[in-house]
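Would you mind keeping the following structure in view while I ask a few things?
Letters A, B, C and D name the chains as they come in the text, with residue numbers starting at 1 for each one.
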Amino acid sequence: MVATNHILVTPIYFIALPLFFAFLLPLLGKIYKSFIRIVPGLMFAYLAWMAVVLLLYVYKTGNPVIVKIAGWAPPIGIDLVFDQFTGFIATVIAILGFLVWMYSYLFKKVEFDNALKYFLLLMLIYAGSIGVVITGDLFNQFVFLEITGISAYALTAFYRGRDGAEAAFKYLLIGSFASTFVLLGILLIYTQLGTLNMADIARNIDKMDPTIKVIAFILLFTGFGIEAEMFPLNGWAPDAYSQSPGPIGAVFASMTSKAGLYALIRLSFTIFDFSSANELLFIMGILTLVFAEGIALRQEKIKRMLAYSSIGQIGLIMIAFSFNTYLGVFAGIFLMLNHALVKSLLFFSASFLAYNSPHKYIKDIQGFARYMPVTALMFGIGVFAIIGFPPFSGFWSKFYLLSAMAEKNFVILIILVLSVSLIELVYYFRVLHKLYFAEPTGEYQPHTPRWNAMLAMVLLALIIIAIGVYPDLVTGFIGKAAHAIMDKTTYINSVFSI
Amino acid sequence: MSNLQILQITFYGAAILLIAIGLYAVVTKRNLIKIVLGLSIMDSGVNLLFITVGYISHKTAPIFSPSVMAKYKTIHAAAQAMVDPVPQALVLTAIVIGFGVTAVALALVVRLYRHHNTTNIDEIRNLKW
Amino acid sequence: MKKAIAIILLAFIAVELFVVFYKIPFGADRMNVARFYLENSPKKLGVANAVTAIVVNFRGFDTLGEVTVLFLASTALGSILFRRREIHTRLSHLRTSVEASVIVRIAGRFLVPLIILLGAYVFIHGHLTPGGGFQGGVIIATGFLFLLLAYRKFTIEHRTITFVESLAGITFAGIGLIGIFLGKTFLENFLPAGKLNDLLSGGIIPLIYIAIGFKVAAELTGILDTVLSISIDVKQKEIESQTEKNE
Amino acid sequence: MNTLVVLLLILFGGGIIAYFAYNIHKIVGDIWLVLVGFAASIYYIGYLDVSQVLNIHLAGFVLTLALNSFSWIFGLLIAVLLPLVALYSIPYMKGQDRLGWFYMLFLFSVGGMYGILMAGDWLTLFIFWEIMTWSSYLIVIYRRSEDAPRVGLKYLIFSAIGAYSLLTAIVLIGANVHSLSISKFFEVLPMHSLGFKVLVGSLMLIGFGVKAAVMPLHVWAPDAYSTTPMNYTSMFSGALSKMGIYGIGLIVINLYYHSGISLAGEIVAWFGAITAVLATYYALIQKDAKRLMAWSSVAQLGYIVAGLGIGTKLSVFAGIYLAVLHGLFKANLFMAIGAVERQAGTTNFSELRALIRKMPWTFFSALISVIVLAGIPPLSGFVGKWMLYESMITSGHYVIVVFLFLASVAGFLYAFRFLFGVFLGQEEKEFEHVKEANPFMTVPMLLIALFLIVLGTFPGIMFKYIARSMADLGFYGVTYKMSVLTNDWGQSINMQYIAASLVIVFVLFLIVLTWVAYKNSRNVTTKDIHTSGEPPSEEDNYHFSENFYRPFQRAFAFVYKYAITPVYNEFARGIEDFFQYVRRLYTGNAQTYALYVLLFLAILFLIAKNIH
C-alpha cells in the first residue's frame, strides 16, 4: 500500500526507460554505433536489478508497490500495480529481457540499420509486455497490448528471406480482431460503470447489467485469448514463432504470451466475478494443450515444433489456473516461470541449430551435436527440463500441477495431462536423437554461438538447474504471488488506499 | 418510437454494421488490400461506437472556451452541460493505434506482393499445418 | 461456402452485439470519473479543452503509449520495407519521371507554409481549442505530403526526421521523468497551471502537446516518404535482388 | 554428518569429478572410478548408520532419507556389484570415447538407486527414480549405434509410462493422505476406500513393473539390455531392475498383508508367472547371447515377482533371495558376455565357436552362473527355487507352480544354448587369436562365481539379512538355519551334505576321468572326426548354431505367434495419424484463422446464458 516515489527504484521505469531509450536510440547511434547495443543492455540490466529489488521489497514487507501516474490517484489516473503477482511476472519478464539482450548482443553486427531497429523493437516489446502486466487500467492495458502487438508484427517480419511477412500478416489480422474485441469489451464496461480502472471495475462489477457483463466478458476473453494463444484462436502463433529471428521466439514465449495470459487471468480472477470463467478457462486449456501438443508431434520444422509445444504449455498453465485453488494457482505461476525459462533456452539453442540447417527441417539438423556440442547440450537440458526430469525446474512445476489436480481428485485429467506429456517426450527426444545420433548429411561450416549467446544460454541453464535443485529459491515468491492473485479484496483495497 | 430511439438504432446499428462489414471483408475478400481496408472499416465502426456512447443529449463539447464560460459563468455549471470527454480521448488513442496497425499492414502487403507477386491471400500459404 | 459461413456467423454476432448495445441508453449521462475530469481540468490544470486534459494529463500514460505506437509504426515500416539509404538516393531520379501539374506545384508553394502554420497553431492551442498534437501533426504531415506530390525532386532528409522524432519523444518521456526527479509522479504537472484560456496555461500540457505535434508530424512524414518510395519499387526490387546475390 | 547423505555425496560428487578426471587423463579417471566404487561399497557395508533419518524441508514438502532393513539388502547387492563392475569396466571400456560422460552417468544412476532405497517418502523416491531413469537412458544410447535412437526412445517411453503412473499415484497419495511419507502411507492405507487402494496400488505396480520388466511392460528390456555396454548391463539387469522389485515388494506386501486385498497379490503373481514363462520361451529363440540373457533377465524377474506376489512368508523370502541371487549371477553373465564381446568381437551365436579353451576363466564363471540360473544343486539357485516351489505348493498355487516349472525346464534349454553357443562346439580359425580376458575382467567374475558357490552351500549367510528385512515388511519370526532347509512337511535338506556329496562325486569322477584319459590320450582337434567314414575338410561346419531349437520352436509356435510390440506400434501410429489429420486445422490461410475466431466468439455468445 505504499506509493513509493523513490527516484531510483520505481515500477514506472519499466515502461518509461525503454520508451525513453527507444526514442533516444537513433540519436545515440549517430554518436557511436555500438551504443545501440550497449545502452539497451545497461537499461535491461538496470531494470532486471530493479525488478528484483522491488520484488524483494514487496516480498518482505507484504505491501504492493502502487504508483500513480500524473499525480492522480486511481480511479482518476492510471496506476501501476507491482504486487506479489504482477511483480513476480514482471520480474520474470525483466530477467528474460536482459538474457534475450545478452543473447542477441552481436545480432546483425554488420547491418547497423537493422540492428538499430531490432534493439528498438526489442525494447518496445519488452516495455509493452511489462506494461500489460503491471498496469492497473484496462484501457492502458489495451494500449500496451497494441505496443506489444505491433512490435511483434515488425519483429516477425524482420527477416527478408523468410516468410516472415506472411506470418506477420496473419498475426496482424488476428491481432486486429483481438484489439477490436478488447475495445468493444472495454466500451461495454465503460458505458456501465464509467470507469476504466481495473480495481474500480472489480469493485463495482455487480452494478453492471448481467447481459452486458457477460458479453463484455466474452469479448475481452476472446480478445485476450488471442494474445494468450488459446486454441482455436492461435492460428497465427506457430507461424510467428517460426518465422521470427531466433531470440524473438524466446520473447514470444516468455513475454508476449505471458502478457496475454496475465490479462486473461486478471480478467477471470479479479475483474469479473463469474465462477464459470474458470470452467471456460479449463475447457480451453485442455483443448489448447491436447491439440497443440498433438500437432507438435507431427511437425517437421524445429521452430514450428517448439511453437506448438509452447502453445501446449500455455494450455497447461490455463488448466492450472482454472482450478482456482491455491495449489492450482501456485502450480500455474510456477509453470509460467518454468515455461519462460525453458522455452527461452530451447529457442536460443534451437535457433542456432535451425540457423545452420538450410530448410529448418528437423531432419536437417542431424549430427549437429558434433559441430556444436554446447548448443546441443543446452538444447538437451531444455528438453530434460521441459519433460520434467528432476533435478530440473520442470519437475517441480509438473509435480505441483499434478498435486493440484489430485487435490480435486481429477484422476482422468491427470492421466490426460501425462499422456500429453508422453507425446511431448516423444517428439522432443526424436529431435534430440537426430541431433546426437545421425551422421551429418553434408559438410558444414556451422555458425556456432558467440560468447554472448553462449553466456546467455549457460546462465539460463544454470537458473533452470538451480531452481530444480533448490526450488525454494522461488517457491516463496510464487506462494505469495498465488495468494495475491486469488485475493481480490486486497488488490482492490490496496489500489484505493494510495 | 422517440427521436432518441431512432438515433440510438441508427448510430448503434450503423456502427455495428460497419464492424460487421469490416469483419466480412476481412474474412471473405481475397485481395490483401481489401482485407486491410476491412480492418480499417472495423476500426471506424468501433470508433463510431465509442463516440456514440460518449454522447449525452443536448450537451456541448467539453471545452471551457471563453464563450462557454461566459454562458455558464461557473466551471461547475459549464461542466454540467458537457458531454463525456473520456470516450473522445480514448478514440483519439484508438485512431492512432488503428493508423499504426494499418500502416504496418500495408507495409506487409507490399512485402508480400514483392515476395509472392500476388495479393491473393489464398496463394500466400507457405506456412501451414 | 466460406462466404455463407461468414455471413451467418457475422449476422449472428452483429445481432447479438446490437441487442446488447441496444440496452445502453443513447444520450444518457453515465459519467463517473469523467465528471471529475470535467470539473478539474479547468480548475486544477487550467486547461480549457477537457479532452486534452484527459489525453495529456489524466490519461497521459495512454498517450505516451500512443506516441510509442506511432513511433513503432514508422520503425516497423522501415524495418519491414527494408528501404536502404543508398538505393533510395540512387533511385531518387526515378521520381522525376512523372511531374505534377503546374497548378499543383504553384499552389503548393503558397499552401504548404500555411498548412504548416495551421498545424502548428492547432497543436500549440491544443489545450484551448479542439485539436492538439496529433491533429496538428497530421496537418503538418499533409503539408509535406503536398510537397512530396508536387515536387518529385523533393526529398526529405531522413536524418532530420529521425532527429526531430527522437528529440520530441525524449522531450515527452523526459518531461514525465522530470516529474519523478522532482519528487512527484511520472508525468505529473510541475509547472504552474496558469489562468484558464490563456495560451500559457495548463502547466506541462502544452509542452507535451507541442512535442507530440512535432513527433507526429515527423513520423507521419517519414511514413509517407517511406510509402511513397514504394512507387519506385520495380527498379528497386531488381537492384535489391542484385545486391542480395552479391551478399 | 548424516551417513546417508555422505553416501549420496560420494556417488553424485564422484560422478561429477569422474567426468573431469577422465578429461584430464584416462588413468586418473580409472583410478578415481575404482576408488569411488570401493569407497561407496565399503562405506555402505561398514560405516552406514541404518538408524539415521534425515528430514529435508524443500518446496513445501518434507523429504526424508532413511534406510530400513528391507531396502538395505538391495543396497547390499549394489554395494557388492559396484566395485566389481568398476574394476571390470576399466579394460572393458578401453578405447571408447566420452568415458567421463559414461562414468558420470554410471555413478549418477548408482546414486539414484541408493536414493530410491533411502527414500523415506514418495517424492524423494520419485526424484531419485527419475534421476536413475534418465542417467540409465543416456547410458543406453551412449554407444550411438544404429539402433540407439529406437531402443532409447522405447526405453524412455516405457520408463515415462512407469514414472507417470508412479507420479499419479504419488500425487493422489499426497492429496488424500496429506503426507508423502512411505511408512505413514502404509499405516493409514487400511483406512482408505477399496477404490483408492486399488487405484493407487495398481498405478504404483505399473510404475515399478516397468523397471522390473513385467509383461506387458517388458518391451523395452531386451533391446535396452542388449544395446547398453555390458558393464552397465550387469548393473542394469543386476541392480537397477531390482529397484522395480523393491517397489513391487513394498506395494504388494503392504497391499496384501496390511490391507487385505489378497487378490492384488494373486494378480501380480500371475503377471510374474506369465512373464517368466513367455520370456523364457522368447529367450530360447534368440540368436544373440546378449538378447538371450536379456530375455532371461525378464524371465527371472518374473519368478521374483511371482514370489513376491504370492505374499506368504516363505514366498517373499524366496523372492528376495532370488532377487539377490539374480542380481549376482546375471551381472556375472553379462560380464562374461562382455568379455566375450571384447575378446571375440561378437556375441552372435552363429559366429561364436568354442571359446572354452581360449577363455577358460570366463567359461568357468559363466558356467557357475548358469548353474545357479538353472537352479541345479548344490548351487544357490536351487535353494531359491526350492523355497519358491514349496511356498507356492503350500499356499495352493498349483497352476503357477506348473507355469514356473515349465519356465524352469525351458530355462535349462536356453542356459545350455548359451553355454554351447558361446563356449562349446567346433573350433574355428577365425577365433584362434582370441585370448582370455584381462584379469581386471576375470577376477570380478570369478569373485562373484565364488560367492555364488558359497551361497549355495551356506545360504544362511544371506538368510540372516533377508530375515531381518522381512521384519520390515511385517513378517516377523522368520526362522532359518545356516545350511539346512526345512519345509512344512517336516522334511529337511542340508545343503552341506548335498554339496559335500556332489563334490565327492565330482572329484571322484574327475579322478577317474583323468586316469582314463591319461592312459590312452591323444591330442586331437575338434575337427578330427569322421562322418560316414568321410573325414570332413577344414571348411565344413558341423557346429549347430542356426535354429538350435527348431523342433521346440515348432511345437510352441502358437506362443511365438503373438507379440505385444506390434500392438504398441499400431497404437503409436494411430495417434500420429490422428494428429497428422488434426494438424490440417491450421490451414495456413489467415482467413480461416479469422473464421475460427469468429466461430469461437459466436459459440461463446451462444453459451452466454450459461456464464454466470
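In this text, contacts are C-beta pairs under 8 Å (C-beta built on N, C-alpha and C of every residue); 3 or more make two chains touch, one makes a residue touch a chain.
Fair warning: this is a prediction, and the values are worked out from it, not measured in the lab.
*Asks:* Kindly list the shared contact partners of chain A and chain B, in label order.
*Replies:* Expected: C, D.
*Asks:* Of the chains shown, whose Cα mean is nearest the mean of all protein Cα atoms?
*Replies:* Answer for the innermost chain: A.
*Asks:* How many Å are there between the centre of chain A and the centre of chain D, using C-alpha atoms for each centre?
*Replies:* Result: the chain centres lie 45 Å from each other.
*Asks:* Rounded to a whole Å, what is the gap between the Cα centroids of chain A and chain C?
*Replies:* 30
*Asks:* Taking each chain's centre as the mean position of its Cα atoms, how many Å separate chain C from chain D?
*Replies:* Centres of chain C and chain D (C-alpha means) sit 73 Å apart.
*Asks:* Pull out every residue in chain D that's touching 2 or more other chains.
*Replies:* As it turns out, chain D has residues touching two or more other chains at 583, 586, 588, 590-591, 594-595, 598-599, 601, 605.
*Asks:* Give me the residue numbers in chain B that touch at least two other chains, ranges are fine.
*Replies:* 19, 23, 26-28, 35, 49, 53, 86, 90, 93, 97, 100-101, 104, 108, 111, 125-127, 129
*Asks:* Quick check: what residues of chain A touch more than one other chain, meaning two or more?
*Replies:* Each of 139, 143, 146, 150, 153-154, 157, 165, 168-170, 173, 177, 184, 191, 194, 196, 211, 215, 238-239, 295, 298 in chain A touches at least two other chains.
*Asks:* Residue numbers of chain D touching chain C in their complex, please.
*Replies:* Touching chain C from chain D are residues 591, 595, 598-599, 601-602, 605.
*Asks:* Looking at the complex, which residues from chain A come into contact with chain C?
*Replies:* Of all residues in chain A, those touching chain C are 5, 7, 10, 12, 15-16, 19-20, 22-27, 30, 67-72, 75-78, 113-114, 117-118, 120-121, 124, 127, 131, 135, 137, 139-140, 143-144, 146-147, 150-151, 153-154, 157-158, 160, 165, 168, 184, 188, 191-197, 200, 209, 211-212, 215.
*Asks:* Can you tell me which positions in chain B touch chain A when the two form their complex?
*Replies:* 19, 23, 26, 32, 35, 39, 42-43, 46, 49-50, 53, 86-87, 90, 93-94, 97, 100-101, 104-105, 108-109, 111-112, 115, 124-127, 129
*Asks:* Okay, in this complex, where on chain D does chain B touch?
*Replies:* Residues 583-584, 586-591, 594-595, 598 of chain D touch chain B in their complex.
*Asks:* Using the touch definition from the top, list the residues of chain B that touch chain C in their complex.
*Replies:* Contacts found on chain B: 4-5, 7-9, 11-13, 16-17, 19-20, 23-24, 27-28, 49, 52-53, 55-58, 61-66, 69, 75-76, 78-79, 82, 84-86, 88-90, 92-93, 96-97, 99-101, 103-104, 106-108, 110-111, 114.
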